[in-house]
């Protein structure tokens, strides 16, 4: 870590700051220039609060050299992490299609979709039971009952399931869930992350709507620092000024996160765009960008069927997308 | 609510959609134009899921006419809400200065600051006990012990206290806290909001870093829909591309939120800018924009004292700021 | 276009507004609801100033139903536009690799790179002569001399060239340039767009750093409304809060722009990410998303060679990228 | 300037880089740490291209210590710049109200408004002649004729005028204009800035919609580096995710720009919010934040009058705003 001091910093101020930093177990290396004094800090700087330092009147700016994340950092763990889920391997050279409806609506619905997407090549079933909604008046999901229906679909199809958690008190309800999803709005719900870190459940951690990759990795670090290293990162679109798409899918996050971290990276093109027609090209692009997997919303419910398609793709469309994605994957594996 | 249908929508599709909407208790008003058919929906449209409608292939776009928030809406509650806190009135024509340290560090520290800011005119004491930090390795606050120290300072100075909650399970620890703060990162922690809505505690709800005013009001609506109408809104800066300031304080939110809602609006200039030198001009500007109060970080701890100033202002600086803000307030009251 | 009036609008106000709108040649269709009156406007609403209407005190909000762009709109021109450049066809089912250095540095440099990228499969040569730089102290390009070097490279290799214009007065210097590029910072330099619209030169129009797709299409409309329909759209990354990449490449813009407009869409992964290592995965992803072409920076200059690689890819890396992109294209053509 | 090298950088690479940097006249100071080597550069680093350095494979990151702007920098010019305009002084301890219509519509209109706002206390007249519009079909202003009307209003009222330029070729038309405005969309039209730098006209430079303060100051630097030091900075709102206001007025830019630079800073609350009702509170807040002046849209045209108010304020409202702003200014001057 480097702190650049302002031109006017006095010797006494510098001595005081140096003493305070050394008292925190860091080696301090001073470099006095014509205009600025630069302080280099060596040691475990992940414990130093950047904002505190930056706030000091004598400090012009602070720069981390080492990334503030350690457990999630590729530098200290060069090999890909492979998360094992019910016999499946996520990460490394493996590729998985996660598919299912936005919301679990009934046992029939979730089972029918599960059977359909499994035949098309999906290996993991998704479905929302607890739903984070901007409005308290919008449908909040079937909650615990939704998880029961997912478990029933799992029993029938053999597919492991992933579903979102929103409350630290619900962890017991998720005991038989294979992968617990932390949604974009809870990416910095640090109390939830810490608690999930005390389990050994695979966690699918979605990037927040206005969060950068370092913040995503710091949230992964919260889970890992508490002991759970089974973290899967998920890019699902970020908020931009664009209005034709709901969010903007950041596919450059795929190679960048894979460079920064050893954790698996999957992409959710359905939520990112909010438009069924864009799911196919974005799924193919995500595969071409090197994602370890895709998470795609598939529906078969009457409202949507009634109106010939919706934000989710139909089972038939999913089958076609899955086929095209496999072709892209073949190019990638050459 | 208005839904504009795409040019190709067939009569059968339109009939199906109309039937489905009427089945939800809404009156449907069709307006068939040269190129587009427009569907007007009358009734309680706050129950209609905009995203679901927008996702339908036959729908070009959907527009809400009524705001999706009701309890927080000035239209249905023309008079200002005044939240009562330990004999103080927040909102309406009242103005309050909330002051105190970023983090509670010790009983001596919090009590000393409390006594100092009270003399300068602050009426409510702030101090962080549970701290949301991006890094798991940063100081997480004194937690429950911090609240004890705040309560001790309250006993000594008579000032009501406000401090942040991060976990739905901590509500019992906050029993004697006068105002519970929900921080920017938890603004859409809907499970926490719902639970706080079952209490009657005044809630100071901070705007999320990348959330717009409607989302802030929808989060207030979560608390109010559960029965707790004692909500105070807080503008604390939003994320922009600016780098000289930590966040960008959106002061236009003050008159705009006051127009949209009857809830009190306070401003936190300390977190927004992250620079002590900007607290004075931004505090004065917030008062001139019509805020119901200010929330200002004041420190007296050795680390900062050591280095002559920091992100928080000193008690002496706070005294000067408070004096200048009072002069602005006098202009406002003329 | 729909205008929703505020609850309090009086009959007299509504009559005045209606008369004013009809005076502009529009048919006005009133729909009086319980709470709101809705005005539907039929006719050439592209002439109606949305902001003016929205600013009226009696108006709650305004919504365009038709897109404000006409010449660029797929609705009125269902077939793909194919821009012809020196015998090449851009758009439709065609795919082109545009490659070359960020800046033209010398005749030798540009010719050497041109010959190299042509062998690897590039069909169009890029190179900056006039460089838009944030700082007046940064290298501003070789300017007119740079264009001469590009023309020399064109003569030797037979490749058509594309280079950026920054000043309406420079159009004569670009007479022999095959495609004139309008950079992100000039996307809303409307005077330049209008003037380029009076030529018949193919224009490669880059999306602005913080502009949405509608604004990009409106800028294309400026060129087209002046008579020049040879416009190629270019996605080159938008400004977001991410810091690991310079900008965020918005690949969902590719299928979305192709749906909204009939114009060709190419992608520049080099500028978007600012990191050579990301060019390959993003080039492959752009091809998989359906782009009509790629624009890739390739260098061979000593500074970069000295240090083993830089933001641009080397000719050898470009050769590998081009090969992989061709494989993705084969999947797309199946 | 500091460059942090990646862990793997070889001695040969470092030597090559050092030689290259020294060849550019810089002193290089190496600091070899346990994990990273840090290169400190001393000398005129404003000539070093940060992006080029950052792009090198061996470089992890680059940090400027000195700001890249020099002429606009307060560090090298501690005293406030005071721009003289037709006998008026802008900057320092002076405060000015600039007022007038969005667009000049006729000689009668501009003269009537000018006389009215002058009585209310405005000292400079604004009015748009050349209008930057997103749509080619929107009203583009009266252009040269608009400037003639402004000059007529100046003759009658004695008020100096400010109006926007969009094309480098129009500079002769602006010969009698007192202050030339560069709009937000042209803030990085570097060719225009350079040309304006060769005149001695006062330039009112508006911040771009998605530009940060450093970019604004670099654009000021373009004008100043060409010889024209009469630059007035203008904050006019930036693009954010907020939708209730058109843009978000960044009032923290006022004290921050005044700290970074010696140039005057004025605020335009009308464009920022797009809502007449917000002009008063934001004008007062801007004055309280320390702005050197305000730029406010005032209309009296029939369309708006017809409908009882619009985005601009009426002359009567302006009179009230001006009175309140004077009271805030009195507090500031104490």
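Read from first to last, the chains carry the letters A, B, C and D; within each, the first residue is number 1.
The working rule: a residue touches a chain if its C-beta (ideal position, glycine included) is under 8 Å from a C-beta of that chain, and two chains touch if they have at least 3 such contacts.
Since the model is a prediction, treat every value here as computed from it, not as a measurement.
K.L.:
Using the touch definition up top, find the fewest steps from chain B to chain D.
P.N.:
Counted as steps through touching chains, the separation is 1.
K.L.:
Which chain lies the greatest distance away from chain B when centres are computed from Cα atoms alone?
P.N.:
Taking each chain's C-alpha mean as its centre, the farthest from chain B is C.
K.L.:
Centroid from C-alpha atoms only, then distance chain A to chain B, rounded to Å. What do you get?
P.N.:
That gives a centre separation of 26 Å.
K.L.:
CA centre of chain A versus CA centre of chain C: separation in Å?
P.N.:
31
K.L.:
Distance between chain A and chain D based on Cα centroids, please, to the nearest Å.
P.N.:
Centres of chain A and chain D (C-alpha means) sit 39 Å apart.
K.L.:
Out of chain B, which residues touch more than one other chain, so two or more?
P.N.:
210, 239, 241, 275
K.L.:
Touch graph of the chains shown: is it line, ring, star, complete or other?
P.N.:
complete
K.L.:
Touching chain B in the complex: which residues of chain A?
P.N.:
Within the complex, chain A contacts chain B at residues 13, 16-17, 20, 46-47, 49, 51-52, 54-59, 68, 132-139, 166-169, 185-186, 188-191, 194, 209-210, 215, 218, 221-222, 225-226, 239, 246, 274-276, 303-304, 306-312.
K.L.:
Which of the residues in chain C end up touching chain B in this complex?
P.N.:
2, 4, 7, 29, 31, 33-36, 38, 40, 42, 60-61, 63, 65-66, 75, 210, 239, 241
K.L.:
Inside the complex, what are the residues of chain A that reach chain C?
P.N.:
210-214, 238, 240-245, 248-256, 259-260, 272-273, 275, 277-278, 281-282, 284-290, 324, 327-328, 331, 334
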